[in-house]
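Several structures are given next for inspection.
Paired with subunit B in one complex and with subunit C in the other, subunit A is shared by the two complexes that follow.
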Partner chain A sequence: MSSTKFILGLFEDPDEMMDGIHKLQQNSIPIYDVYTPMPIHGIEAKLGIKDSRLGYAAFMFGTLGGTVIFSIIYYAMVHDWPINIGGKNAFAIPDFVPITFEWTVLYTAFGIVGTFFFATHLFPGRTPRVMDYRATDDRFVIAIDAKGNIPHEDITNLLKEAGAVEVKHNDRKYVSYE
Partner chain B sequence: MNTHNSFDERFVFEGKAKNWSLIAIAIGVIAIIAGFLVNADRTFSNLLLMGYYFTCVCAAGGVFCAIQYAAQAGWSASMIRIPQAFIKVLPIAAVILIAIIAAGIHFTHDVVIHGQTVAQPYLYAQWATPGLTDPKSPLYDTMVTGKSGFLNIPFFFIRLVVFLGLYSLIGLMLVKYSENEDEIGGMSNYKKSFNAACVFLLVFGLTDPLFGFDAIMSLEARWYSTMFGWYNLAALWVSGLAVITLTTILLKEKGYFSWLTEDHMHNMGLYMFAFSIFWTYVWFFQFLLTYYANIPEEAIYFYKRWEPEFKPWFWLNIVINFAAPFLLLMARDYKRKISLLKWVSVIIILGHWLDYYVMIMPETVGPKGRGFWFEEVGIFIGFAGLFTFLMLSALSRAKSLVPKNHPFLEESLHHHI
Partner chain C sequence: MSSHSESIIREPLITGNNITYAKISNDILAPVERMPGKAWWIGFTVASMGATLWLFAVSYTFWYGVGAWGLNKTVGWAWDITGFVWWVGIGHAGTLISAILLLFRQKWRNSINRSAEAMTIFAVICAASYIVAHMGRPWMAVYSLPLPNQYGSLWVNFNSPLIWDVFAISTYFSVSLVFWYTGLLPDIALIRDRAEGLRRKIYSVMSFGWTGSVKTWQRFETVSLILAGISTPLVLSVHSIVSTDFATSLEPGWHTTIFPPYFVAGAIFSGFAMVQTLLLIARKVLGLENYITMFHIEAMNKIIILTGSIVMVAYCTEFFIAYYSNVEYEQYAFINRYFGPYWWASWSMFCCNCVIPQVLWFKAVRRSIKATWVLSIIINIGMWFERFVIIVTSLHRDYIPSSWAMFYPTWIDLSVFVGSIGVFFTLFLLFLRVLPSIAIAEVKLLLKGSSEQEKKKILEHGHVDSTQAEFYKDALRKFDSVEIAEYEKV
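Presenting the complex of A and B:
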């Protein structure tokens, strides 16, 4: 039993990488993830990645923000301490709209940034989890979970055949330290 | 992906579309004649409404093309012939609008003001009635006199002709360059289009608010709002986008533009969603500032729309034009559903008719003369038919439905979001 945890295929060319994905899928080898230095057209469909649900989070945060501030100003200006401003009703809805709008936007913006950080394990100050440093520079990396995927030589050959310039057998998942 | 598109295909204008648009024009003509016999006041208001709407939609075609060229957008290259057909109708729409306005100022009806019978023009009575700027006249109005350096009949028409002439001229230049590009290829026409588009946007951005002030806001000559120009620009743009979307979808259903996918429609959905919200923003802040300041001379505009005859329409306006597109186009999947997008664009087109209705009617006919019957419906149908007929005729004259040598055509055909 080898100590290899992850097999990485490093490609120089995105088309060859797509070819590599295709070959692995034809041989029913599950792909853990793919790391590229730039967005690749159609890769989500190829890997069968579901649509992001960040939009739902945005909607929830927006609704929350609007509700929170509307409650606060309702409590302050209508319930607790109504003031006569220009002879208008205490509950002057048009005046409530701008701040409700602003808080909706504010909560949405912060909410989705936070959700995104949470979901992707990114956070300022935290070492990012990187499987191969060159995936952020000039290499297109396919990562395959080695556990259960044996024999490893076949995977290596497949990747080489597709045009991988380098195949790594890594003993640890991330090369960066946490 | 279908890679065997026939780019030499031409649009053939015949059959149902032609018959129905001609029938609609006939309905419109009958409604106008009947309207003049029954109620000339309301007929003139409706003619102004639809003439303005018609011109705005055609001008929006020009804005669409200009934005695409100025931004060097690729995705829209394969559908740019549709807004180009709108531009080709713009000169006709402008002539019709100016004719309606000229007739509305020329023809008068007797109105009793302070016990005196005054011959008032049907449109723009608040500043175009003779005698308003004459100190000896009993009608003398200092406020209108103060504005008469700008709001006088010759200068008013000069502005209308210059503005609409410029939009038509630069718009038609864009069409011309695109057609030349089909013939000779190369980048020279695209570069010229870019320059013309920048000039168009500059001219349009500076003058369209004034066009809105003239055509609609001056109906209530004693009132002004600096947001009114933006408000009309937003209405023009969002209703124009809805008409472009609806035209595209209907043509697609007929089998034309087979290369346009849900990705292109998604972009149109994004546009409509975004600019419906922009329209709401401007609408609401014009209202909010007036409401908050509560100065009588400003509040008069909303006071008139607060009359029981107009209040439901006033609120219905914001519900249709904000809530409907906001809720129906928020999710990504909804924007990609062409059948839904079609109905949303119909809602927006009708919603902005109502928007113009609430802008115009309280000033021209007032609460007592307000109505919603054959004048409104018939004239709307008539102008819709006229627009369809002229626009589809213009489209059928295009040598191909695709700008064959557009530098971004390939990008547009592979558009994917």
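Presenting the complex of A and C:
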């Protein structure tokens, strides 16, 4: 039994990496994850990753923000202390539009970014789970869980064939821990 | 796909040979990873002296009250609100580049958005500092918030544009900050993974544990797109609301419905001028000529000439409508503006914003770095005068001649203004030192497809229509970062 935990295919070129994913999938080798220095379009579809639902979250946060501030304004200006401004209606909706809009945007922005950070487990001080230090720089990394995926040599050859510049057999999942 | 190839007739967005993903990281991170050079230290010293002056002048104002400024009973707003509107306007270009150009899929924004957004944030900080300073008693700022209080509760007046402004500016600042920082995460992670020791620890905390996995990038792109979508109406609303501070009053010269679009155009105009002022120097000093190319400079100059011309039309419209309205106060306000005691300010404004920038219609000017830089400074001055003219010339003579007055700035007024420029540059120089000035991940997206080297390969391959190839080669002549001699044989 080898001590390899993860096999990493390091590519220099995003298209070669896509080819690598294709080859692995043809051979029914499950891919753990892919780490890239920039967003690669089309990769989600290839890996069968579902669409992000953050858009729905954004809509709900926006609706919430608009409702909250409109209620505050209504309470202050109409219910709690209506001001007589030349006998005009205290419920002056057009005047409430700018601030309602601002808070819709505010809640949407903070809500969606907060949801993104929460769902992706991003927060200040989180230990980065880095599999290869060059994955944020100039390497496009395909990670394959070594457990059960044997023989390792075949995986290595597949990745090399697709154009991987380096194939690593790592004993540790993450290299970023001390 | 990352490698869709682009039409040959489009100008390259990255120039230079042998550009690799690693080289992009190295080039852009060089100023962050090495000790700062002489130019940075000189700039930083001068800027922090300015910031110190600001600190002193604002402290003096708080100690003695706004009486330290040249305000009087007639002219109750002058350099403070001029400075505020000027800085907020400058901020607008950053959001335009990061949000509106993203929605329009303008790929050239990728190499200028980061520093422009940073500029936005620092400009809004300067603007907000004016708001706090002009209160004289800064702790009174709490009464601009709708918080329960001992007076009833007596709420803020939500009908007032000044309260709209509180909400608009605070939303604008915080949303811009969030947008900017989210975009920074992948680049901070890159610095982290290249650094060692304490540096790595610090950037590790700042990177929020970014890894660049598929799901992270997918969500990141969704977030960027939605933030761009909401920032676009936000940025338009902010300067529109700032303009209603004036437009909803009954002051002749302020009470005009043209103000919101006119202010927004002016804001983008001055903002792009400030982007040019900063980036033309930064690209040279930081050696980023391959990423911020002549194409970018010319594209920004085109936006400047467009928005500058909108501003000119607005000035003329205001003048015409004053005449056409038959309102004598309105007519006097505009005659007084251009021919009264502040004629020099109005004509400086008109020359700097409308007349001189018209030279940008000439290709040679748009493509000249020196001319662009000088013009950007002229526009910054002109746009400062615009706000001064709108505020002071309208206020100093309105309905009652017995209360007509002039405004004379004190040395504290001057120090707060000069100081705020110092604060801005101090923050900007610190930013250049600790964070990447170009969005590295986004520029990497352009390498396959929109770079000069890729297009050269296509040319060398030879399957290109010869007129298109000639068109492309001709377009390359304007780039100062392209060796045109290499194209003679291709």
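Keep this in mind: the second predicted complex is superposed on the first by the 167 of 178 C-alpha atoms of A that agree within 3 Å, B and C clash if a C-alpha of one lies under 4 Å from a C-alpha of the other, contacts with A are read in each partner's own complex, and residues count from 1 in each chain.
Everything that follows uses one rule, which is that a contact is a pair of C-beta atoms (placed from the backbone, for glycine too) under 8 Å apart; a residue touches a chain by one contact, two chains touch by 3 or more.
Since we're looking at a predicted model, the values are computed, not measured.
Of the two partner chains, neither subunit B nor subunit C is touched by A:10.
Contacts of A:41 after superposition on the shared chain: both subunit B and subunit C are touched. After overlaying the two complexes on the shared chain, residue contacts for A:86 are found with subunit B alone; subunit C is out of touch. Within the superposed three-chain model, A:98 lies in touch with subunit B and with subunit C [touch as defined at top].
In the overlay built on the shared chain, the residue A:159 is in contact with neither subunit B nor subunit C.
In the superposition on chain A, contact of A:73 is made with subunit C only, not with subunit B.
Subunit A residues 41-42, 55, 95, 98 lie at the interface with subunit B in one structure and with subunit C in the other. For subunit A in complex with subunit C, the touching residues are 12-15, 18, 33-44, 47, 49, 52, 54-55, 58, 62, 72-73, 76-77, 80-81, 83, 85, 92, 95-96, 98-99, 101-103, 105-106, 108-110, 112-113, 116-117, 119-131, 133-138. By the touch rule above, subunit B contacts subunit A in their complex via residues 284, 287-288, 291-292, 294, 330-332, 416.
In the complex of the two chains, the subunit A residues touching subunit B come out as 41-42, 51, 55, 59, 86-88, 94-95, 97-98. Every residue of subunit C that touches subunit A in the complex is listed here, in rising order: 1-3, 20-22, 25, 146, 152-159, 161, 163-164, 167-168, 171, 174-175, 178-179, 182, 185-186, 189-190, 192-194, 204-223, 226-227, 230-231, 233-234, 237, 241, 244, 440-442, 444-445, 448.
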